[in-house]
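As written, the chains take the letters A, B, C and D, and residue 1 is the first residue of each chain.
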């Protein structure tokens, strides 16, 4: 019989753990792993419970709902692979890494479709048997982005996409798409935010003479490079590295950071907490 | 009113979280932070609950005991400073670091007494107003270690010592003292175990030409350098570093690793799990 | 005009830098980057000089040889891509990473041929347009390894291979091949050596309860897992990670460590120094 | 006989290594370790040569000067301890760490004098036998800073101070003192610059929800927090850490970063390169 992941967010108050685990105990379900956090600033309660063993969990919905906690909760089988749509432009190390990981069983997701504003990675997508949609945007035609995004929204619906991953996708999404998929679009930014926002962060870092460069995986919001941060990592650099060297070293950090963020999301470890995240990792 | 830390270990079974949080809920106590882990190998349940707000917790003992879970549990006020006895020989960077941290409020412990088999650090101890006991061991007199350790056990009793920290103490403790203080003696070993057990680990590392050296904080057991590991960290080295350079670089790692392990222990985050540890950090 | 890399190893004595840079100065060549190290243990001098700008360097050979320094030296155009043969078994994250990097220009090597004792990665090789040779070994037939290795040596000759990379190749090479390609076979070992030599290192690490796991890139010698170490990296793990989790996290470290070692080798930064290495990075 | 460190900066051109090592070769001096870098942006040549063995190096000055390279060079015995003046306010972890390191032989400097705008660390200074000067500044009296800095300049002269270290000194120096001691004042900033400039960087980091915090050692210039960066390091943080936790974790990083920067400076490894640094480490 299967194990499941219950994720749970609600306004904080006394007795929530007791109430929720009471529902599980009533049905003789064992808790394998439980993580809980109450944010003192936002007064919000977050919990992730890994429990088992049962094949059908539909009988838990009514008792959990009737706890009357103004909660958002979800239950997923722990082996369920979330459907992920990956977007990319012309730089492919993150895409290549994610695709390899999901095939090798290092990343428990299903990638039915890849979207790009360039045709470059169609062969890579095909080599994995994944649908590739070349959906270009024309700088001259301001309506082309809206047209492109409605196609993306169609693909999201058609494939039951839970998560969109911007794997070095170099276009800004419209506020409309950001709102529609709030908490379900992860971007990799090639600097340790909030340093070096905007374009060419490695060149900015080179000019400043920093000794570390890094990368940031964050949820996308309408405010560019300001979304809630999921994970960051850095690597040391020195005076002898050129701006091109920083770009190359950063590539390794980017693949790692994005792979971690997507893995944690797929394991239901990542929660939105207003402008921040809670990550049970 | 104060917050408290409940730590809880017992054989795993369904319903424990529910039962324990039920006691807290019954008394209207809020959970601020809860971490739980069930080890699939040892079938043991571990939980740390940070709860509040109440000044006296004595009324919780009977209901928790009557849950009949064959449990070991403890409740401590979260601001309580555990009493720590530090032992040191002739190398003092860890001692100096721990003393500074506890005075500066970076480490919530109370150090009433320091023991050494050498007199070197009496002035440092005095500058912090801490009792210093020079308890030498004679290699010629095999009974001198037993005599020294009975004095140490007296000091432990006299000062209500909860934790002994071996901050580069270069003598092996007797199995008797190890057993008496099981789970309550932390040692810093100057290599990333299990590499380079035994004497002069940095020189062994230098001879092998490794590119990383590290340090390990672990509980002391009668089997030298085999105790359950609490924390490890490493630092990069290169061909140009001499064995002395490795010793010097390692010193920084040792202070960090030991300070982390003692801090986590003082916050009741560290649990013995047979030959391993569970660390909720 | 091109820049070049001069690498230089000889018994140490006074005046070598002066003598060598004198040859470059005589021909008005500029030094862009120079790194030098004299090992006090092996009394050996190592130097890497990046100089320019000139298209043909053949006129430097005679004057450098006539310095009479009992030296081993090489001059390569800095843009030259060394030919690399990759060997792999059934675990492909390192192979996939290396192939992507060389195509994306993150790794300045040319991979004309891949050898495996299993057929699994033929499609991946083909998608990069690289020759794939399935050269199995039979445990029942002790002569099959020798036969396989002579084919490998033929491929090395045929393709002018400079470096063999064992990218999770799970067979032991014969002492003959190790000797033939001394200093030109790099292996990735999935532990931070010397911890956890031999088989299933992540499972050994899990059983010991360590808090860090790592990987080691080293030159292959006839002594298994004892070759000179080029690079090591580690990652933190905790009590909640299973042995399978350690394997998965380790995969990321392995790809990074091996990519770094191959990159540095391709940039002529790695020197053999008896049982150790000198790495100018 | 002693070894020495020659540090050398000049406009780049062909033949410098040859010319300089020629002077050493002429006097039969052996190079133990040589590092060189030519910055393609600033067209500046940097070199550090560790050579031996000779007690007096005065005969090298004239030949090196007559190379006519418009150079800045210095020769120091490699065991010479540079005189360092430390400034501190009310937070002492960096001061305590530096003092312990220099006494334990981990840091090859001599600290004859400590200056503070507060009296708090007089006992610590005294326990190391170091002169302590309490030189307060009055916010009400704008001339008090000038008066304080002239006293500091007197102390610098009196004690032959080579380097001033701001070990969490919370006052801004005047442009006058910055200019006077250009390249000879190192500050520790408690963020990974350029993120979180200005006051309360850990609180800024907490508010932004970053997953890493760090520290930066940099040369002080008249532009606050904009000086050339010498070293940076970071540490991971998570959602459960409060702003106070970030401050505490940062303290460990600050001590490490500052100790590294001062150590490298004391070993003549750090060069100013306009708005950046060259660090041969």
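Convention: contacts are C-beta pairs under 8 Å (C-beta built on N, C-alpha and C of every residue); 3 or more make two chains touch, one makes a residue touch a chain.
Just so we're on the same page, UniProt names per chain: A, B, C, D = Formyltetrahydrofolate deformylase.
These figures come from a predicted structure and were not determined experimentally.
Note on connectivity: the fewest steps through touching chains from subunit A to subunit C is 1.
Most remote from subunit B, judged by the distance between CA-atom centroids, is C.
Looking at A-D alongside B-D, one finds more C-beta pairs in contact between the chains of A-D. In this assembly, the C-alpha centroid of subunit A lies 41 Å from the C-alpha centroid of subunit D. Centre-to-centre separation of subunit B and subunit D, using mean CA positions: 35 Å.
The set of subunit D residues that touch two or more partner chains comprises 33, 37, 240. Residues 37, 39-40, 192-196, 208-212, 214, 228-234, 238-240, 242, 273, 275-279, 281 of subunit D touch subunit A in their complex. Subunit B meets subunit A in the complex at residues 12-19, 21-22, 24-25, 28-38. Per the touch definition, subunit C reaches subunit A in the complex via residues 33, 91-93, 96-97, 100-101, 104, 106, 123-124, 127, 240, 248, 251-252, 256, 259.
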